[in-house]
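In what comes next, chain A is part of two complexes: it sits with chain B in the first one and with chain C in the second one.
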Partner chain A sequence: MAEQVTAALVAGILLGCLYAVVAMGLSLIFGIIRVINFAHGSMFMLFLYLGFFLWHLFGIDPYLSIIIIVPVAFAFGYGVQYVLVRPMFLREKAYVLEPLGVLLLLAGLELVITNGVLLGFGGASRGIVGSSISGVIHWGFIIVSRPRLIVALVGIGLSFGLHWLMNRTELGNRIRAVGQNREASAICGINVHRIYAITFGLGCAVSAFGGCAMLPFYTLVPGVGMGLAIKAFIIVVLGGLGSVRGALLGGIIIGVVEAVGGQFVPGTMAVIISLVIFLIVILAKPKGLMGLIEV
Partner chain B sequence: MKQGTETKTLPQRSRIRQFPFSGIIAAVVLVVLIIIPFVLKSPYFVHIFIMIFLFGYLATAWGLVGQSGQLSFGHAAFFGLGAYSSTILYMETGLSPWLGMLVGAIVAVIAGAIIGYPTLRLRGVYFALATLAFCAILQMYARATQFIGPFTLGSAFGLWISPFSGAEGPLYFQFASKTPFYFIALGMLVGAVSVSYLLNRSRIGYYWTAMRSDPDAAESLGINVGRYRLRTLLISCALTAIGGSFYSQYYYYITPSQVLDLGLSLKIVVVGIIGGWQSVLGPLIGGFIIIPIDEVLRTQFGSSVPGLHLIIYGIVLMLIILFVPKGVNDWVMRGLRWIDTKHWRPSENANDKLERQ
Partner chain C sequence: MKKIVIVVAILLISSLILGGCAGPPEEPGVPRVPTMERPSEVNLGVVTCMTGGAAIQGQQMALGAQIAVDYINANGGIKNYDGAKLKLFVGDNQSLPDPGATETERLITQEEVVVIMGTNMHSAPTMVQCQKYKTPFLGTCMGAQIDKNFDWVFRDFLSIEGADDLVFGFVEYCTEKFGEGPKSFGVLNNDGDWGLNTRSIMRNTVPGHGYEFVYDDIFPFGGVTDFSSYLIKIKAAKPDFFEISMCSPDHTYFTQQLFDMKIDFPYGLLSLGCACEMEDYYATVTPEMVEYMFVHEDCNIWIKHEPYYDYLNDLVEAELGVPLDAYMLSGYSGVWDVKDALERTPYHHTIGVFRSSLRDALIETDISEENCPDRITLPNGATFCPALVRGIERVKFVHGSEPGSKYWTNPYNHGQISQRINDERIPVYPRFLHPEGKPDIVWPIPSWSER
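So, the complex of A and B:
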């Protein structure tokens, strides 16, 4: 029993890092722009499809496709912010953003992307077979698949990389300045809308980077985006909206609850437990475990 | 301008805002709607009207939450709870769905309280995300579960009500033709719009206005924002669950992918937004716009082009939010007011011009 639980614990941590990859980008965007990217899951799904077709049509290895997908994801996020969300910021009066309006706007985008992919590629599930890294590692009784381990390492690496970017670089300073006080940053000569667009692009690029690492074992259907997005929403609230490392922590908690809980109760019940945890955290500590944003 | 004229114009101006023919127009529309099923014999048209009423009703119920300044992406959850409650009670205990409907409303109110109590106190998107997650998780649970305790839930295959076997007839919410359903749906719609109208006129309506424009200021004036939002949500949940029970009796067949689906939540949202959430008549107008388009698209392209109607929802949603954020209702009201000031009350119009100078 103890062995099973330990194995489930390891599997849960790996699964949690996978969720965290999606949640991190979402949390970054929320922390700076204060916009929940409702379409994050479907955009993520779109990048996964891009990776799949790069492999399917040109035989590009998923790990290699990072150099194509990450810039595309950045450009896509930049465009969404600049074309769709910016007009909402320009329209608002007295610098109070109507967050629900943006949420609805991005919900519309979610519908268009998800069903556009369904329309274009059909609902059949797809997956990559035979990438450069495969197989499993045995640590005693624990068996870990190599691609999943890589996703976990990528997730942890991304969270530290983002932390470095935000705290140690000029761009990071600007982004954090805009996140703290938009008007004051604008007075200091920062182009706020450009920073917003960069942040949005960065959030998409981070998630897409992790998505490339997921490709070798992940099964793709158009609905996969919304499923991941709902988990990511729970995770970012749990970890604290706006905190990238909180997203990693929240992801690992949810992953462990699902995997370890799944040992004792049916899988769907374990998912319900994660919702209950979410509600308890909101009730007791609305800022989340590592939250930056006052509510 | 002299002091005297100014005080004279004020009451007239406020009367313009309360647009004078609303009662007449409402009566005419209602009479037309009552005549329709006797003129249009085609069941297909009657069906479309039933769907317009049902979604107008659901969007009105959903819009109550919007009027209190929050956004729910999970109303399908409450809808599904209503549908499942009345159906399970009818199948297991033979309880009439008319009563099961009320049990469903209570179940939905309890669920709404569990989701709403922690999240509605908070500003921002917590409530929207929690309802979204609740809806998705409820659907997952219903899909995977065959039995809860003694009751059959039917997993992904859902539940069939076999009509006209055993307890049957109007007392058990079963009708042979669509016409009774038409009038029930119309009655529900009129009821929901009246609830919305009356709440708007009451104290809570003023609280809504204050809460959605600035929750902090409302709080500082002594309005318990969380409490009133929760009350609004509970009313909305009860109404939505009744809509769910109606749906299950209308189709005699429910599955998790119909009644607990996020797509249904978003459909309610789109209907509400197009008409203008945060207004009384907006959701109803939205129903009249989006449901006929939806039905035609689904019957024409539903099988050959999957997801097309959802793409159109998405595009419409984005366009409305970007260009008509107050919804079509705003245009309608402005148009009526324009007619009012231009053609029916030239004298007041002149006063209006005077004041602007």
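So, the complex of A and C:
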């Protein structure tokens, strides 16, 4: 039984890192712009499809496609914020922290992207078979898939990279300042909407980076992003709004509870247990585990 | 008193006069079709997954139904109503339970469809609405358990109870033929209506067949990206024979990770269909991952050798870009079942009466190769019965096997078990389906290290 639980613990950490990879981009957008990006899942799916077609049409390995997809994703996110979301903020006459219209707009964008992909590419499952890295690593009774291990390393790397960006760079200072107080930042001369656009772009780029790492084993269908996005919302709130390291921690907690709990109760019950833990943490610590902003 | 007698007399005389104005009594067995009230169109409904996780299956089902409707309309419509055309309305349940209920209600109350067909997923809400509005529901692809009081529900699809009969029949056949077989079973089912129903039946039947039930779990349907924790538990349980119910993308993750972890099931892995009945699933896995896997197929997978394959496959590929499969055929044959019944249904301008008459006609359905009023002739002169394209011998409805059941089911729709051998799905059970000259059942299954 000890071996079984240990193996499940390792599987849970890997799964948690995968969740965190999806959640980090959302955490940035959610924490800084204070907008729940309902289109996060569909955008993530869109980047995955882009990576798939780069492999399918041009034979570009998903790990290599990062250098193409990440800039595209940044530009896409920047464009969405600047062209679609910014006018909604500007339209508000009074100071509104989270305009309701933006939520509806992004929910609508989610429908447009998901159904657009369904219309354009059909509902068939797609997946990359035979990427450059595959197979498993055996550590005694523990078996780890190499592509999934890479995702976990990417998740850890991204969390440290983003933490450095946010805390050690001028851009990070500005982003955090806007996240803490939009009006005060504007008074200090920070172009708030430019920072919002950069943050949105950064959130998308982070998701795209993680998505490319997931492509070698991930199966694509147009609705693939929604399930992950819901889990990402939970992780973001659990870890703390705006905290990328919180997203990593939240993801690992959820992943470990699901995997280890699943050894003792049915799989669906393990998911419920992870949600109960989430509720307990939020009740005890409304800012989340590592967040700056109260939910 | 005198006045009362006069009034009664007037009433009696009036009733006699009015009675004399009525037409002759109907001859028994002759459909009553009012000559002045024939429809120009008959509305049919399909509720299925047009969007969401099971969209690829649902879209094919709807396309199959539309292909059949187009053909019927182009070839004289419903002759019983002087060539009335069929009009198809499609409701999208978004691969979720709740939208299925509202979409079914919309088709019944607003579009006034006479029958609902469907659904490739989440059929329970649709059944409930059809029963509530007394509209026939013809399930040509459904996994949900049917309430035994649902007398407006017709299942022209293999029943889960029947599927389990097939599974145990197959395992017992192999055990007898090869002199060895499993002692323990494990099952992993999705938490949709199909999976939960399968799970419930397996929990009740596995011990009854003398097998030890060593693993039984459920997973969130479409919500798992990593089956590692399940596989760790399965590995510890060591089942001899394993059964799963999964669609895409769950099935792909499970297959890939099972291959990575090299967990052996000595007498095989049986998938109950869905994902592994579709070609797109096989494009997401490698051949060695699925070699020797058993699949419970909903329809005849040897259809490629049927004369009508090219005709139907070309239509599907042109529209959806994917090859013909079971889901398209379920939508297609369902419309032909309904067409057959409409030809025997007296029209009535009151929709409720019309639906009730159609239900009566569906109950009387009996289509077979020998008794197929609607045959299609192909350019090469070959003919086929479109209601039987899924490889079933007959369409005839009887009450469900549960005591007191009022719903209707087609016992001739049994499905088949295939095995993947040398990168090809080969029908292996029931035995008469095994094609000559093709490899036969591999049993026991070689371990991963021996392959």
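Criterion: the second predicted complex is superposed on the first by the 290 of 295 C-alpha atoms of A that agree within 3 Å, B and C clash if a C-alpha of one lies under 4 Å from a C-alpha of the other, contacts with A are read in each partner's own complex, and residues count from 1 in each chain.
Criterion: a residue touches a chain if its C-beta (ideal position, glycine included) is under 8 Å from a C-beta of that chain, and two chains touch if they have at least 3 such contacts.
Just so it is clear, the model here is predicted, and its values are computed rather than measured.
Peer 1: Chain B versus chain C on the shared chain A, clash or fit?
Peer 2: clash
Peer 1: Based on the superposed arrangement, let me know which partner A:Asn115 touches: chain B (first), chain C (second), both, or neither?
Peer 2: both
Peer 1: I'd like to know which partner A:Leu18 touches here: chain B for first, chain C for second, both or neither.
Peer 2: After superposing on A, A:Leu18 lies in contact with chain C but is clear of chain B.
Peer 1: Touch test for A:Thr268: chain B only (first), chain C only (second), both, or neither?
Peer 2: both
Peer 1: Would you sort A:Ile252 into first (chain B), second (chain C), both or neither based on which partner it touches?
Peer 2: Neither partner.
Peer 1: Return first, second, both or neither, reflecting whether A:Met290 touches chain B, chain C, both chains, or no partner chain.
Peer 2: A:Met290 sits against neither chain B nor chain C.
Peer 1: Which partner does A:Ala107 reach: the first (chain B), the second (chain C), both, or neither?
Peer 2: In the superposed model, A:Ala107 contacts chain B only, not chain C.
Peer 1: With the two complexes superposed on chain A, say which partner A:Met43 touches: chain B (first), chain C (second), both, or neither.
Peer 2: Neither: A:Met43 stays clear of chain B and chain C.
Peer 1: Which of the two partners, first being chain B and second being chain C, lies in contact with A:Leu279: first, second, both, or neither?
Peer 2: first
Peer 1: Figure out whether A:Gln4 sits in contact with chain B (first) or chain C (second), or with both, or with neither.
Peer 2: So A:Gln4 only meets chain C here.
Peer 1: Could you list which residues of chain A make contact with chain B in one structure and with chain C in the other?
Peer 2: Touching chain B in the first complex and chain C in the second, residues 114-115, 118, 123, 222, 227, 266-268, 271 of chain A appear in both lists.
Peer 1: List the residues on chain B that touch chain A in their complex, please.
Peer 2: Against chain A, the touching part of chain B is residues 70-71, 73, 114-115, 117-119, 121-126, 128-130, 132-134, 136-137, 140-141, 143-145, 262, 266, 269, 273, 305-308, 310-311, 313-318, 321-322, 325.
Peer 1: Which chain A residues qualify as touching chain B in the complex?
Peer 2: 36, 84, 87-88, 91, 98-101, 103-105, 107-112, 114-116, 118-119, 123, 222, 226-227, 230, 233-234, 237, 266-269, 271-272, 275, 278-280, 282-283, 286, 295
Peer 1: Hey, which residues of chain C end up touching chain A in the complex?
Peer 2: On the chain C side, the touching residues are 51-53, 55-59, 95, 191, 217-220, 222-226, 228-230, 232-233, 236, 248-249, 252-253, 256-257, 260-261, 275, 278, 280-281, 283-286, 320-322.
Peer 1: How about chain A: which of its residues touch chain C in the complex?
Peer 2: Against chain C, chain A makes touches at 4, 7-8, 11-12, 14-15, 18, 114-115, 118, 122-127, 129-130, 135-136, 143, 145, 148, 217-224, 227-228, 258-260, 262-263, 266-268, 270-271.
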